[in-house]
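You will see two complexes here that share chain A, one where it goes with chain B and one where it goes with chain C.
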Partner chain A sequence: MNPRALSAGASDTFVSVALWTGTVALALTLLLALQIVLLRMALRRRERRTALAVARWRPLLNQIIIGEDPALPALAPREHLPFLHLWAHLQASLRGEASAALNAMACRLGVDTLARGMLARGARDERLLATLVLGHLGDRAAWPQLLALARVPDSALSLTALWALVRVDPDAAAEYLTPLFIEREDWALSHVAGILQQASGPVAAVLARILPQLGDERLPRALRIAESLRVTLPGGVLAAALQSRSSAVVIAALRGVLTPETLPEVRALLLHEDWQVRVQAARALGRVGERSDAARLTALLGDPQWWVRYRAAQALRELPLLSRADLEAVRASLQDRFALDMLDQVLAEEAA
Partner chain B sequence: MDNEHASAPQVLVVEDDDHIAQVLRFMLERQGYHVVHLADGRAAGDYIGSAANPPPGLVLLDVMLPYVDGFELVRLIRERADWAGVPVLMLTAKNTERDTVRALDAGANDFVIKPFQPNELLARVRRFLKTGP
Partner chain C sequence: MSHPNWGQLLTDFVTWFVFCYFIALNGGYLLLNAIALRSLRIKGQELFIADLPRAYSGLEPPVSILVPAYNEEATIAASIRSMLQLSYAEFEIIVVNDGSKDSTLEVLRREFALLPFPEAYRRQIPTAEVRAVYRSTRYPNVRVIDKVNGGKADSLNAAINVSRYPLVCGVDADSILQRDSLAKVTEPFLRDSTVVAAGGTVRVANGCTVSGGFLTSVGLPKNIWALFQVVEYLRAFLFGRLGWSAMNGMLIISGAFGVFRKDAVVEVGGYRRDTIGEDMELVVRMHRLLREKRRPYRIEFVPDPVCWTEAPEDFHTLKNQRIRWQRGLAESLNANWGLPFSRNGGVPGWVAFPFMLLFEWLGPVVELGGYAFMLWAFFTGMISWQAFGAFLFVAIGLGILLSASGLLLEEMSFHIYPRGKQLLMLGLVVILENFGYRQLNTVWRLTGLLRWALQKESSWGTMKRKGTWQSGASK
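On to the complex of A and B.
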């Protein structure tokens, strides 16, 4: 074959490929631009719809909030989402009569039925919103749906559903949630406490019942939940945890000591071999100790561990019925330079 | 309208949440107060610092604000001689006792915890604005 013809043929092929590539790239660019324009238009439309819905419903919601009883128009389908967003936002910021009035308004508008429908069929963000709404409404009819949602792997959905369950029925939710939250160590304690806050009474009762049956691997988490909710556990339950051979259990139990009921156990732990236990024992004594515990804490000022000395000094400062003059007397009696330095530091911190 | 404003006690509301600000404005205006709303700490700082703005009857102040927080705004209010006696009512979040103490230490007269009850808030406003409606 003629090399020149061969070269010309190859060149035509390259030109053709380049031409098609350019055409396809141009078409894709135009498609992308069109998509951006369409998305932009949809966003604008949604914003306009939201603004219109807010403008129509905000004055009515405001009237409801201050206790007036305006005539309510029907909630148009295009207003569903913006209205629910606004309503849920206001519910989260208000309480008392205003919150009850918002709930009554929502029921008059059929929001409970609407939210249950969204929970069953909606997209993820709609289900999240519906869960919030049903939680604020305390909608008992949504319990089975919320319970199912609480089991989905999507943690935003499941945690919101758990929050809603607590709002709907604190007693039933405590029975279900307390063992679950003890099990799920991957859920942050602050989040768990936030969800359980409204059911702290029922949760305390469930914890008191199940704590004696828990093993050392689950007990610290359960005790930390009790601590974060500031619930007072029965003395017997707490005393048993304080006598555990596991330092993790004892530390968690010490953090939850809120009453003098377990004072003998706490005092005994001031001499524990694990310095982290001694730290927590000193703190607990600062909360619930008696005037006579000053001598025990003063002895702890000579502990080899800095943190133990520091917490002991703080506990001395916090001990009820121990005056500033008493503290000065303790200070004057100290022979150990490290103990003296620590007490001075804590007293200086208080003065600052 | 201006005459009405001149006679009605003025409440300066500093709140960055637009929905809540609208509720506060509605409640207060329904009670006959004249409301000036500012949506962030910087705008509020400028407003307080401007000699052209006379002291309001009361300042309703959120703690958490963009740019400048509520504590700093209380300090600015107390620094200005003609504003020093203006009652300051602060909106603090639940479970933040420390913020409440800090607000009172900074010179606030009272606080309302969020989520709040509108009637409770209005009662406190009325207590400070006894000359009002």
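On to the complex of A and C.
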């Protein structure tokens, strides 16, 4: 080594540490490469297995869907997962007799028992698949397992279990789970609403019963669910919510105003200090207001908030018995440039 | 008593410093990789459910898609048409013609039957003068803003001002979106009301086939520059962003496709006009201001490939792009020094920001300085050839390990390159890119850093597009 080079001790240590680090990196890279190859081989095997299972079962499933009754071979263990995937995919796009025929076929093959076993002992992805299958089957025997699953913290698993429970028994699911889906903030409201469409009647009944007992922190979500299910809430419940001190509750309640029963409360909220409440009050008035509300909405066209002006102009357009000529008269009376611009915009939107 | 050899001590110190820096840099990214691995496993288990036919409940938040356009006459109509085919419950498209010098506006007028619309323009964020707002008489959810040139950030701000919906999605006019991209990227907003922004994985479209504005088959590019970028994108998105997202420390959402809660964007003042990296700057600023206000929030990353973009295929375009990216990064960090010094800095301020500062902002200086120093020391005899060789072995070995781990994540999750040959090719690129390409990138990043230091003015980036990957395409 050059005498001027890195001092002997330091150089040796550096070279040794660097070589070891590089060797470890190289070994890890080789391991990763091996892992990648193994993963690709496993994927290929899985794809081949799936292709074979699909080739065997797809024609039979098609025959069942069109009402035939083919002889069914036994379901081989290696076919379990690809068959269940295929079956669940088909079920997701079918209704009525075809769906019932697929269910009957699955029961003949012992898919219900298989899915319950997967639900009890399977890995997470298998449990998700089993939950879907049991939901499509409407399997009452799986009710206790599904109910327990609906309470686990895992959002995907619990939400899929909720879906399955609603498929199995909408009334019982509404009774057991309505408080839960109000509580579970991790369950996307849009997903919950989509799932509950099937149980909207029973859920509405439970909601009407429990709404008066809910606190301000839970009430907005419960009201949003009611809104999504187009549930007409008892006037008393809605009126109480409209008088809440919490803006979030009032906003959620205003979105649920579908009848003129609470018209006085809605009119009072047009002057609320929170502009988001005024926005929803204007929208609600557009849905349930009367011709006489035109003056109130015209006043809102001068609101400092753009959204309040916009919704007020839209509400004016939607009021019953208010003709285009009436709106032109309102326009002619406006002095405020912002109000005028907004009404022009909304009238142009209508014309487009 | 012998005097200490100061030159030798300094050489020892610098050698060890450079070595430790490389270890820390790659070790940090490998740690992110480990975090991303867990997220991807969970995600992978839910893929089957996500692929089932979807029914909309009507409670999905509607989205305003913001499309800034500057001299895009050749592609703008096809891009908008493909965006109109996105599967989502409710969305509008707002195209902003940012004072184009070509006939972008005329094309839009003709293709979408535009008519002037008396928009009650709401100036929530100041922008350059808006000349007119148009509405398509053919598609009620398409509007066009014609404005005086003010840059991409200014265009996005103008689009935010006229948008009607609570979520806004900035999209590059030349991005190719997956049909379900909006549904996937808005998923975090449904789950968690504190989510203020979400981004998805952007992939390289070169080598793929596009038809009707959508990707129909995935392939690898033949061009070597584009191939290098395929691996780079895997690294940057799959574990770079996913790892940070798991800790709520993600500082970048790609401008090619990102969804934001509009009220949060308006609250922090919209996109900054005087920066090149307006996408990153906005995200860093959101972290800073929301943390200052102690507001609970989340910024999430969705690993699904939602957007495809054409990568530069020639040396000069690629070089300019990387210089711009580095300038953008420097501007974004420099404008938000309050974040790491905030009492409520959390992961973004105390971990992600310093990480970016040390390994991305300062990285080119230390990396290039390190290579230069080792070369100098070797040629002047300050270090032995064994030490020099060992240093190269570590630097290149760790680089390959890092890229290979990106490839592993890809194979574990989406394996969008289905053929064995493609995998083999990517494996080769993982090795090859460490012999020159990454070092070249470091030189470009250093140039970007220097240009930032010299404070040259920002403008729309020019990108030379070939579009050869659109064989038989109608995009």
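Going forward, the second predicted complex is superposed on the first by the 307 of 352 C-alpha atoms of A that agree within 3 Å, B and C clash if a C-alpha of one lies under 4 Å from a C-alpha of the other, contacts with A are read in each partner's own complex, and residues count from 1 in each chain.
By definition in this document, a residue touches a chain if its C-beta (ideal position, glycine included) is under 8 Å from a C-beta of that chain, and two chains touch if they have at least 3 such contacts.
A quick note: this is a predicted structure, and the numbers were derived from the prediction, not measured.
Chemist: Please work out whether A:Arg48 is in contact with chain B alone, chain C alone, both, or neither, and reply first, second, both or neither.
Modeler: Neither: A:Arg48 stays clear of chain B and chain C.
Chemist: Could you say whether A:Arg209 touches chain B, chain C, both of them, or neither, answering first, second, both or neither?
Modeler: A:Arg209 contacts neither chain B nor chain C.
Chemist: Look at A:Arg324 in the shared chain and tell me whether it touches chain B only, chain C only, both, or neither; answer first, second, both or neither.
Modeler: In the superposition, A:Arg324 contacts neither chain B nor chain C.
Chemist: Under the stated touch criterion, which partner chain does A:Ile66 make contact with: chain B (first), chain C (second), both, or neither?
Modeler: first
Chemist: One more residue to check, A:Arg58. First (chain B), second (chain C), both or neither?
Modeler: In the superposed model, A:Arg58 contacts chain B only, not chain C.
Chemist: Does the superposition put A:Glu97 against chain B (first), chain C (second), both, or neither?
Modeler: first
Chemist: Could you look at A:His89 and tell me whether it touches chain B, chain C, both or neither (first, second, both, neither)?
Modeler: both
Chemist: Using the superposition described at the top, determine whether chain B or chain C touches more residues of chain A.
Modeler: Result: the larger residue contact count on chain A belongs to C.
Chemist: Take the contacts of chain A with chain B and those with chain C, and give the residues found in both.
Modeler: Common to the two interfaces on chain A: residues 89, 92-93.
Chemist: In the complex of these two chains, what residues of chain B are touching chain A?
Modeler: Per the stated touch rule, the residues are 17, 19-20, 22-23, 26-27, 30, 114-120.
Chemist: Which part of chain A faces chain B closely enough to touch in the complex?
Modeler: By the definition above, chain A touches chain B via 58-59, 62-63, 65-67, 86, 89-90, 92-99.
Chemist: Give every residue of chain C touching chain A within the complex, in rising order.
Modeler: That would be residues 5, 8, 11-12, 15-16, 19, 23, 26, 42, 44-46, 48-49, 52-53, 55-60, 115, 117-120, 122, 124, 135, 137, 140, 187, 190-193, 377, 381-384, 386-387, 390-391, 393-394, 397-398, 400-401, 404-405, 407-408, 411-412, 415, 420, 423, 427 of chain C.
Chemist: For the complex, which residues does chain A have touching chain C?
Modeler: That would be residues 1-2, 4-7, 10-11, 14-15, 17-19, 21-22, 25-26, 28-29, 32-33, 35-36, 39-40, 43, 85, 88-89, 92-93, 123-125, 128-129, 132, 155-156, 160, 185-186, 188-191, 193-194, 197, 224, 228, 306, 309-310, 338, 341-342, 344-345, 348, 352 of chain A.
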